[in-house]
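Please find the structures below.
Presented sequentially are two complexes of chain A, the first with chain B as partner and the second with chain C.
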Partner chain A sequence: MADARTLRRESLARWFEAIRAAGRRILAPRARGDTTAFEEVTAPSEVAMDCVQTTLSPKAAVFPRCEELLRYERQGKDLRVTDPPLQPPETVLFGVRPCDAAAMEVLDAVFSADPPDRFFQTRRARTTVIAIACTQADAACFCTSVGLSPGSTLGSDILLTPTDGAGFAADVLTDKGRRIVELCPEAFGPAVAAQERRAVLAQVPVRFELKGLSDRLAALFDREELWVDQSLRCLGCGTCAFVCPVCACFDIQDEGTGRSGARLRCWDSCGFSLFTLHASGHNPRHLQSQRWRQRVMHKFSYAVGRLGRIACVGCGRCSRACPADMNLADHLQALAEAK
Partner chain B sequence: MGCACHGDGNGSANVYRPYLMRIERIIDEAPAIKTFRLVFVHEEEGRSFTFLAGQFGEYGVFGEGESTFCIASSPTRKGYIECTFRQVGRVTTALADRDVGDVISFRGPYGNVFPVEQWRGKNLVFVAGGIALPPLRSVIWNVLDLRQDYGDITIVYGARSVADLVYKHELEEWKARGDVRVLTTVDPGGQTPDWKGEVGFVPAVVEKAAPSARDAVALVCGPPIMIKLTLPVLEKLGFAPDNIYTTLENRMKCGVGKCGRCNVGPYYVCKDGPVFTFAQLADLPPEY
Partner chain C sequence: MEALRAKARELLESRTVQVVVGHEQGSVPGRPRPVFVRKIEDVDRLVAGEGGTINLAVYLLKPEVQALGRPALVADPAALRTVLQLASENQIRDGALVALALDDGRLTELKDLAAIEAFVAERPAGLPAEDQQRIAEIEAMSREDRWTWWLEQFSRCLKCYACRAACPMCYCPRCVVECNQPQWVPAAAHPRGNLEWHLCRAMHLAGRCVGCGACARACPVGIPLDLLTQVLARQIEADFGVRAGTRAKADYVLASFRTTDKEDFIR
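Up next, the complex of A and B:
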């Protein structure tokens, strides 16, 4: 059962201090020119509180863009292989949007499936998600089309909802969240008083009917003309996957010399033609339309069977970041309505 | 799950940590194609290592990366594994540069298996083309090592030319046994003056061999065009799609169902495959 409290804006600074004093780092949206990303902050004043959505998602906190899987060192004929040090700092992700918090649950499902991935799991176990409900949205947002909402709690340890007073209603949802609250209990008051209401959350119109979309997509697989039409503008640049809070596909590459180096994994994208290229030269998805179809099918059809949920949280980043102005919600709407 | 896992207090072990394998033997099979026999550098890892026919692994050279090949040896032959690969890219070129005694990395075994155990008492038909014989070779030696448990065994294997045939000595060994029917063939123009096998494409040779479908299972591995033209022949002989098996060869990186590369329809080839029946493939998008 959620533990409802209030948090005044002026108490945030004390809470941040207490979190940092307890040896945890705080990652929060920070504006740098035109982009906003999750970076380490020391005080609430550094946090870009009013940004609709960060340019990059917080997934790098649990699944870094590039990380070592092992190190190797050769001395003569002797070869030493070691696990890289894995001591990620205890981390509080502050100011996560509910869509990004929900994405953590999808990542959990991918990386916890047998065999579990210790790199992800170790970081994830040391990460607490403090989400802030959305009072504003933009045209790219479509959380309500994928079963979420500007105030959904899925994946959050604490959900802060702005109130019309000077603060937040704080729903403490998990033990992890409770431990962060308990670092500075004096920053919190009792549940929101009757005279202080929760702010009106953003209105995000429902763009398409999610129910049945997965089956519908399976039936649309062979409709080549639909996928070609949808992907005509696609450059295959992979930006959509890099900004996506859910995309978890990766590459494994060695970096180093014959003497010493590391085996790395790096984010990858099904939008790249190299993704599926066989050594023989055969490419099972040799057309960009096939790769776009894979992106849609993987997220909205295959993931349902494998993970029990779709692999999209409607954050809209792919649409905002696409250099060719492709809009995922538009495309899904078109597919949902395709005759 | 196979890996050379070492805990460090962070819960589960590092699934990307490979075994270290020493190259015990190298066989030049065909132009640019080699077979490595690999033994475990750390013997205790080898003692607890088991696999079954059909499974694959990630073979790597540190500094160059990893490549995906099947385990080409039979699970009945203990103490080593073998892989057969063609030198075609960065990793396979680095592998091909290794010498006997060198150490490479191996992760596995991964994936599902040919139900060899369930096939006891059945007649088996193996059809392979080119570099696709290795996954079937694992099954062939498996059943030959338990010969009395299986019925008639027919092997049809073809390559572009005589030089391109892999496992040349083993093909002769199988022919010489007397309890296996072996038909080798090369594409027209690929024969040498002393070639005693068939000349023609694999599907035509299968048709000529006409193995009975009664109590039989067929295993087909080869280039897409060979598979495409062999299936109708087998079906005409009475093989049902759920009695014809193959292995898919999608590009892979992790081997453990996470990196997303080998995803085809609802399946991850590395976890749900690589072994599929043609009945299963009929329901899959043609993205392999």
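Up next, the complex of A and C:
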């Protein structure tokens, strides 16, 4: 059962101070020109509180865009392989949207599949997610179409719901969240009535029917003309995958000289033509339409079979960032309605 | 807009072209998106797309779009310059497309490269005042500050390659960053990998960039990377008196020489 409290806006600064004094870094949305991303902040005044959604998702906190997996060094005839230091800082992700918090649960499922990924899990164990419920949404948002909502608690350790200009209703949902609250209990007050906070939540229209979508997509797999039609304008860049809070495909790169080097894990994207290129030269997905189909199928069909859930949280980032305006919700709606 | 739709209808009906590559209303008002009109009943989707993110000429070399047949390209002056530059690099044959030039809302049908050349000659490319000012600000920095400033810009790069995908002049079937035997450029999005990618990109486009700005508009993290190729274009024009995207037949300025060149190192 969630522990319900209130938090006044002016108490945020004190809470931030206490969190930092306890040796934790705070990553929060920060504006930089026209874009926003999760960066380290020291005070609430640095946080871009009013942005509907950050340009980049918070996934880099647990799944960096480039990380060392091992180091190697040749010594005479021997090869010495060592683990790079893995001591990520204790991190509080503040101001995450509920969709992004839910994405953490999908990443958990991906990276705990056999074998569990210790790089991800070490970072994840040291990360506390403080979400802020959405009071505004834009045309790209579609969380309600994928079973979430502007106030969902999935994946959050603490959910803050703005109640009025002065503060938040704070649902403390996990022990991790409780520990962060206990760093500064005096910042919190008693609970408010439930109806007071529902009123402020953003209205996000449902764009397509999720029930049965997975099977429906599987049935459309061979309808080449649909996929070609949808993807003609796709340029084949990796923006959608890289801004996505859920996409977790990676590429392994060895970097080094003849004597020593490191093995790196780097973000990858199924939109790239190289993604499935075989050493033989054969590419099972040589057309962009096949790569687009893969993106949709993986998120909404294959993931259901493998993880028991879809791999999309409706944050809308891919649609906002796509230079060619490949709007995911529009395309899914068209697929759901395709004759 | 009506003139554009009427012309598109006429070209499709007469089978002069099989597809009209243009803009339609996108999911965000004021931000039209690419559309590929193949059926007469779809011509009303076309809009005279001011404010599009993409240089539509990028689609001319895409296999999926080429497979649709001969195109009519709804083209702003930057897309027309792109067509000329692609022709000069032997990527487009004369008569391979019909250009529907849109300039200040006026439509002109350009049937061959000579017509495109003449049209472009009357509309010399100029750098927007905003870009000029940004370049002036960057150039006013000390060498060290400028280096630090660009490193900071590149550090945000995700290596999503949207800049490359959006660039009509980046048409290599396999980009140098994807040649991995040996790996010339680090694939990782770490500071060195990002720096090397952006240097490579700028140098490969030196004297070839037509200044459409699509790369910077495509960048999800807002790196003003078009400024690099804009400055290179300006430098090359100052040194050699040529500008990319003005002629359909031209030798690449950095890969050719004349016996009358003022430098004598090669004689």
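Basically, the second predicted complex is superposed on the first by the 331 of 339 C-alpha atoms of A that agree within 3 Å, B and C clash if a C-alpha of one lies under 4 Å from a C-alpha of the other, contacts with A are read in each partner's own complex, and residues count from 1 in each chain.
Everything that follows uses one rule, which is that contacts are C-beta pairs under 8 Å (C-beta built on N, C-alpha and C of every residue); 3 or more make two chains touch, one makes a residue touch a chain.
The structure displayed is predicted, hence computed values, not measured ones.
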Partner chain(s) touched by A:280 [first = chain B, second = chain C, both, neither]: first
Which of chain B and chain C A:55 touches, first, second, both or neither: second
Which of chain B and chain C A:253 touches, first, second, both or neither: both
First (chain B), second (chain C), both or neither touched by A:330: second
First, second, both or neither for A:238, with chain B first and chain C second: second
Partner chain in contact with A:31 - chain B first, chain C second, else both or neither: neither
Partner chain(s) touched by A:319 [first = chain B, second = chain C, both, neither]: second
Partner contacting more residues of chain A (chain B vs chain C): B
Shared chain A contacts, counted only where both chain B and chain C touch the same residue: 251, 253
For the chain A and chain B complex, residues of the former touching the latter: 69-70, 72, 74, 77, 79, 81, 83, 86, 110-111, 113-119, 121-122, 125, 221, 248-254, 256-259, 261, 263, 265, 268, 270, 275-280, 282, 284-285, 290, 294, 297-298, 301-302, 305-306
Partner chain A, residues of chain B touching it in the complex: 1, 3-4, 6, 8, 10-18, 20, 41, 60, 62-67, 86, 88-89, 92, 101, 103, 105, 224, 249-251, 253-254, 256-261, 263-266, 268, 285-288
Contacting residues of chain C [partner chain A, same complex]: 26-28, 31, 33-36, 53-54, 58-59, 62-65, 156, 158-162, 164-166, 178, 183, 186-190, 193, 214, 217-218, 220-222
Contacting residues of chain A [partner chain C, same complex]: 32-35, 37, 55-56, 65-66, 139-140, 228, 231-233, 235-239, 241-243, 251, 253, 255, 264, 266-267, 269, 272, 274, 287-289, 319, 321, 323-325, 327, 330
